[in-house]
Amino acid sequence: MLLSLIVLIPLIFAVLTLLTKTREQARAMALVATVSVLLLTIYTYFNFDSTTAATQFEEFYSWVPSLGISYHLGIDGISLPLILLNAIVMPLLILFTWNDDRKAPNRFYSLILITQGAVLGVFCALDFFLFYVFWELTLIPLFFMVSIWGGPKKHYASIKFFIYTHVASLVMLLGIFGLYFAAWETTGTPSLSIPHLLAQFQFIESGITRDLIFLALLFGFIVKLPVFPFHSWLPDAYTEAPTAGSVLFVLLKIGGYGIFKIMLPLLPFTASPNLMITIMGALGAVSILYGAFLALAQKDLKRMVAYSSLSHMGYVTLGAAGLVSLSVSGAMFQQFSHGLIMSIMFMSCGVINKATGTRIINELGGLAQRMPKLAVIMVLTFMASLGLPGLTGFIAEFSVLAGSFVNLQGYVVIALMAIVITAAYHLWALQRAMFGVYKEKLGNVVDINGYQTLAMGVIAILILYFGLNPSPVLDMMLTNSEHIIGLMAGMGV
Amino acid sequence: MLNKQFTIMQIITSVYRYFKPRILGMIVAFLFLAIVMVSVIGTSWPIVDQLPQNLEDPSNIEGIGLLIFTQFVVPFEILSIVLLSAMIGAIYIAKGEAGK
Amino acid sequence: MIPVELYIGLSVVIFSIGLYGFMTQRNGVRMLMCVELMLNSANINLVAFSSYHGNLTGQVFVLYVIALAAAEAVVGFAILMSIFRMKDMIDLDKINILRW
Amino acid sequence: MAVGDYAFLIPLLPALAFVLTFFLGKKLPNGGAIIPIVAIATSFVISLLITLGLLQNPEQVINQSVTWFAMLNLGILVDPLAAVMLTMVTFVSLLIHIYSTGYMSHDRAQYRYFAETSLFTASMLSLIISDNILQLFISWELVGLCSYLLIGFWYQKPAAASAAKKAFLTTRIGDVMFLAGIVVLFSDLFRLYNGSIPEGVFILKFDEIFSQIPQLAAMSTPVLGFQVNHLTLITLLFFGGAIGKSGQFPLHVWLPDAMEGPTTVSALIHAATMVTAGVYLVARTFPMFMAAPDSLMVVAYLGAFTAIFAATMGLVMNDMKRVLAYSTISQLGYMMLGLGVGAAIGAEAVGISMFHLINHAFFKALLFLCAGSVIHAVGTHDMRQLGGVAKVMPITAATMIIGALALAGIGIPDTSIGFSGFFSKDAIIEAAYLFGENGGGWALYALSIAAALLTSIYIFRLIFMTFFGKPRTAYGGHEAHVSMTIPLSILAILALVFGALTMERFNTFVSETFVNNFVHMDIPGLAELGGYHLASHAGHEPLIILWLPVIVGVAGLLIAYLIYGLKVVNMDKLVSRNNPIYKLLYNRYYQNAILTNFLSVKVVYEGLAFAGRAVDTGFDWVVNWIGDVTMDTGDALRQLQTGVVQNYAMVVITGVSLLVILITVVMEVL
Amino acid sequence: MDLMLFAPEITMVATGLAVLLIGLFLPVDSKKVLGYLASLGIIAALYLTIVSLGTNTLAFYDTLSVDALSQFFKIVFLVVALLFSIASIKYTEGSAHVEEFYVLAIFATIGMMLVASANDLMVLFVAFELASISTYALAGFEKKNPQSLEAAMKYFLIGSLSGALMLFGITFLYGVTGTTSIPGIADSGAAIAASPIGIIAVVLLIAGMGFKIALAPFHMWAPDTYQGAPSLVSALLAAGSKKMGIVAAFKVFIVALIALQVQWQIAFAVLAVITMTLGNVAALSQTSVKRMLAYSSLAQAGYITMAFVVLTPMALGGGILYALSHGFMKAGAFIATAAVVYMVLSENKDTKDPDHIDNFKGLGQRMPVTALSMTIFVFALAGIPLTAGYMSKFVLFSSTIQAGFAWLAVIAIINSAISLFYYAKIVKYMYFLPTEGTKVSEPLPYTIALVVAVIGVLAIGFWPEPFIYWAMEAGKVLLAGGI
């Protein structure tokens, strides 16, 4: 029941929110929903056994028996941190937008809640059908979000995002079908249960089939992640989305989740695991470097942050391909950390854009003098984003780099090269936008308001806390990655 | 979208005008004719021998009548609806400005 | 004895003529006539097969087809009449406001 | 020992002070300076007590560890090496904080200053005290962050913001190398354990690493046709980190620019924290360097080169603080050289190098604070506008001259008479001599002597230009506030006597770190691994060798006096843009043009990044192209629908015919 | 012989006649009641069909069969007719010719239902023509509207051409086998397969049914007609009459002509690919929503046709389920369009293209229920999860992969992705573009019809089990070669 509640509360409240009339009602409704999810998640967290990689809090109801579809929920150490991340940031996001004045607030909050429900659904689903349903459900609210409240190129960006990622989902669906039928053939009964299908993968006789299934699934995940060269939807969508939309994109950690939950257990049983590792590692490493360079070349602050997101997500694939428990858990942690960091980054961009009317870095300047609170939070976050130790970004990056180096030396070298570039664009942006002489033509900007300070401040504190003490989430990730690696031991990978 | 001045449609129409529709129609019709004819000739129709007996069968009309009301009563019934339907439709459409 | 192929050949030729006319005629009434031609060529087939097979199914079918042809023609003429009433002509290739 | 149990407080107290000051300082008088001062003072007391305890019993090393995550830990390790550093850092930092209460009293953002310096100190202490390489790296990076924040303290000034960024970025290049070293080390250790690390083993702990040195030294990988020894690779990468932090060539460019922050920050960076981190890192991992062929050579030669390279630039700078900055780089080169000649003298190298580090900390802090006093009083740091300041600020002048003498290394060999710099620098030069004598080549020795001469010249040039002669412009000025002069005096006393007092004991105490305490390393054995031959014994150098550093030091003083004090040589001719050597030096060997403008801006930013953008546009274009083509196809296809019903019929009938043909053909093929 | 088996058809005939007769005596302003009457009659027929699910029997000298397949499709047709009839209450409001409209639609539905039941080509053909002839007149129902007349003209001409082609094909089948009974033809399969005329017959039949299904290249009339005909009639055509073509094709090809399986599989494979690609690509740049839906309908037909190619129980089940889903989705979409057209016309009688996509601007504010329903329909058509469209695609596409036709599935999926573009375009217009008009009150009958369709779409999406079960049962009937 617990997981069902976590997934369904946002969805139900989304409908209720849609029915509200005023902004006050809508935001209150959204806050109630997100806070209840947070409370439930915290309850779940404290009742979760992080020493085992087994699925917990399972729920199972048969749905379409003739096709082997069931309503099957459950969480493990891979999903719980991401659920936690989502549950934590969402109420803060509502708070962040608390005083925003925008058209159709009821729809706005409703879409936020749908996104939350869908993302949580993906994390909880243990049935491929359900998984795919939630997976696709994330598309729609985000599409609306970008289309309605987005920037000047919102229509282009939203359609591009929608279709691009939809194509990827469909390819993934093909992979799911392949797996489904191959397993159906071997076992004689249809089932879309994720654990079942993952276990059956190795019994597929044809190596080519296994590879194709793997690649199709991988494609779906890495486009969502995204990873070079399938990223071109990202800068547009991230940039054109409203601030809340960008944050929702950031919290859309389903691509990486799929890689850990689905790809890694399959990896050793593909016909050519080394090739797959090479693909994943190379894509990850190149993304890191490429995203960093691209971020450096951007003039728009938000676009820069978007590319930096691409760069950071490279660690996820790289770490996953590293196949050492430290690297895999580091990559999982990177997802968690990235969610926190990028949330603030995009919130900052939104605040700056709103206060000054521009996001072009060169047009900004000296904002720290007028927005000291924002400056403090931003400096902290930028430091976290460039991988400063003591903050979450470092834990993740170090774990990925150190762990992956055991198996993938060349790619780690590429990734290391990006670190300086990463630092460069972060600092460059900070210097141009926040420091230096205040540009009077920006007008009389005011600092972030109380709600925004609270929202960003809490996330900033979490970045610091988990940077100093990652164990609360990293332990369960480690348990799971050790489990996954343990499964692979002796597979010659 | 792109402003196409050289659209396929225009190519088709110009070709069409050039050849005159009849020639094109004739080609298409001949193609059809040739294909069907080849197939007809290539088929060995299994029935030729029994022809004379049927010619002398006097109860043709009776047989038809019988079939209409037994085996093929359903199409017959449907036909009644068809005719009714056609009548309604035709009257409605063909009727001039009603009441004016 | 006349081989059945000849009947079929005839019917195919008539059918092709119908097709040809359908494709090339502009006048709606002529096009309708071509449709009738095609239906009747099918009737030739049916009758021929019926008698060569020695069962009356084909002949019953012919009767139904004739009725259907009538019904179809009724509706068709009604539509053409309406068009004529509106445009004062039934050159159907000039009626193409619906395209692309 | 009871006080050892509180060692963890040494970095923790300043860190807490940071939090308190940052959030509460605004409301307290003096920006809440009292909080960090008390915290650091406490840390100092603890450090001092621990150091004294260790002096009694060097075996009583403090080592506490807790699990952090996975096979990594957080912990503290106080052995003689760390203890000495801790005491020095807390002490110098304390003095600088006290000095700052006066120096920064007019700044509105005082609370932020004290918070950040406090964090700076905390990071440095944590760096020193850490018992594993990862925690060291973390603190290392925090030090970098704090330097960023402090150099950019006056962030309203574009130059400050830019310098802060430059400092952070340049050191970051080194940091990445350091990180890469850790990554390689980690994966090697991971492999040595075959992937399964037993519970309770923290693989990045120093004792763990040191115990694996022989195995690490045996590992090598072919890279681009070369057989790369892993230990060499790791140590070189570590040294790369040290290059960045300690401002060694070619990553020294940030240090002179870092003057944009408050002078006290410069003092903190140059004396107590930050730059010494690199030296400390090499010292801390010295056993690994010992066992790595070639690494120590790189350290030594690069150190010697930096020493002279920076000194040449120090000669021509007109900005007081810049002269001192180049001096720092130069002196750090000495320290590296001292470590590098460990190839000849073994663990003793750590002793002499650290000795120089401590002495340098005192006199460099002194010099900077004096310079700060002058700047605070007269409002400029361009020496060309000064002159005769000694009359206005006698105490400052006196203390600064002491610092200069210490830097120049004036003293009498074979006695206990001399300024502190004399003893340590002399020891390093001697070691370089030993290195040459041991068959390692004389280049190091020659460079170190030449650098000593230049050092003396530039520092006395500064003294003469600033404090003596007639004022060149009308500046106002007064002696500094007592909160500033007291720290100056304390530091001056230390610069005067510290070397002489501790010389005998210090070297052995620190050198023992690796030999007797903690891990009980067999340094000669490691040297064997690294292919070095240690000199049997030191101290039987010819007399000229002992005297030569002093002679060049005094010579430098005299040269400076002749040129700047008596003005016997007209410098105007030399000091002109037409003189290519002067131009080269004045433009700092065009590093700015090459490294910043060309390499960073042109190649990386405008070249690679914009090339990346073009590539990205390409990817975007492909995506859009697919969309456009589909749309265009759709547009073309809909044109098929002509609206003429006869055409439709034709399509239908053609379709029928073609379908028949198609099926027939396919059936034939099948 | 149990007349109760044909209670639905009989009910429909009775309803039709009743509507016709009562309508004659009713004044114009109370003809609304005819709509209610027709709807009630359809509901009754629907009920009777649903209760007889599971019956398996032949009747009337084996010319009609009542089995899972026929009942399933009858439900499809009745559902579409019901939606049509509810929505028409508003459409025909104030017209003097309500009874004609309803009667023709009901007769067309009867034709479709009989096609579903037909076990003899003669029955099939006649019923086919019944549905066609009735809808010819319906398409031209707005006889003062040149678009409607042109639509009817094109529909009629191509329809009669196709009828002739199909008849011609049937004569050949009759010629070879000597019978018109579907099982009878199946029995002489070997004879047909042996002769080249078999291919001709197959292609002619495909042409005839492809006309109804709107398979390229026999689809040319469809966009024009769907665009020109009254929107509700388009709904009936796209959602109902198209399915009639499909069920006829199921019967003729899978049951009767199974011996020529390879031949028609080739043909359907080619046609399916061409159709779905053409439909989706050509729909991209349409500005008339009805025309866009027409092309989308083409594409959907292409997907359903995949069932012929794959020919596994699951694929057939998927295809049949798709037919039902498509009935809901497409009927719903056309009815929503009809509501918009109604609104546009009631604001300005002389609007040239009332279904132009510009009229959908800001519909989310103007007609919230319609807009929301339309969104659900187009997303369902695009195959977004938890809608009928997704469920059907899930079964159909996955069966394609199961049978090893991965290439076909890939093409279908690429198409599915392309289609998202123009579906999203409609949504974009409705929700994201600023409106010029004000909020209007939505006509209740349209709303009811939309809600029913939405319920259908979501029911299949959320609880597909019974639907899949019955679709599979229907598919089994086909593969078992009829009863």
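Order of writing sets the chain letters: A, B, C, D and E. Residues in each chain are counted from 1.
Everything that follows uses one rule, which is that contacts are C-beta pairs under 8 Å (C-beta built on N, C-alpha and C of every residue); 3 or more make two chains touch, one makes a residue touch a chain.
Computed from a predicted model, the values in this text were never measured in an experiment.
Using the contact threshold fixed earlier, the set of chains in contact with both chain A and chain C is D, E. Shared contact partners of chain C and chain D, listed by label: B, E.
Relative to chain B, the most remote chain by averaged C-alpha coordinates is D.
Using CA-based centroids throughout, the chain positioned farthest away from chain C is D.
Centre-to-centre separation of chain B and chain C, using mean CA positions: 5 Å. The mean-CA centres of chain B and chain D are about 93 angstrom from one another, to the nearest whole unit. Per-chain Cα centroids separate chain C from chain E by 26 Å. If you average the Cα atoms of chain A and of chain B, the two centres end up 61 Å apart. For chain E, the set of residues that touch two or more other chains comprises 122, 125-126, 129, 133, 136-137, 140, 143, 152-154, 157, 161, 165, 175, 178, 196, 199-200, 223-224, 285, 421. Shared contact sites, meaning residues of chain A that touch two or more other chains, fall at 163. Of all residues in chain C, those touching 2 or more other chains are 4, 8, 15, 19, 22-24, 31, 49, 52-53, 57, 60, 64, 68, 71-72, 75, 78-79, 82, 92, 95-100, listed in ascending order. The chain pairs satisfying the stated touch condition come to A-D, A-E, B-C, B-D, B-E, C-D, C-E, D-E. Residues of chain B touching chain D in their complex: 1-2, 4, 7-10, 12-13, 16, 21, 24-25, 28-29, 31-32, 35, 39. Remark: chain D residues 631-632, 634-636, 639-640, 642, 646-647, 650, 653-654, 656-657, 660-661 touch chain B in the complex. Contact residues on chain B toward chain E in their complex (touch as defined above): 1, 35-36, 38-40, 42-47, 70-75, 78-79, 81-82, 84-86, 88-90, 92-93, 98-99. Contact residues on chain A toward chain E in their complex (touch as defined above): 63-67, 129, 132-133, 135-137, 139-140, 143-144, 147-148, 154-155, 158-159, 162-163, 166-167, 170-171, 173-174, 177-178, 180-181, 184. Those residues of chain C that touch chain E in the complex are listed here as 4, 8, 11, 15, 18, 22, 28, 31-32, 35, 38-39, 41-42, 45-46, 48-49, 52-53, 55, 57-58, 60-61, 64-65, 68, 71-72, 75-76, 78-80, 82-83, 86-87, 92, 95-99.
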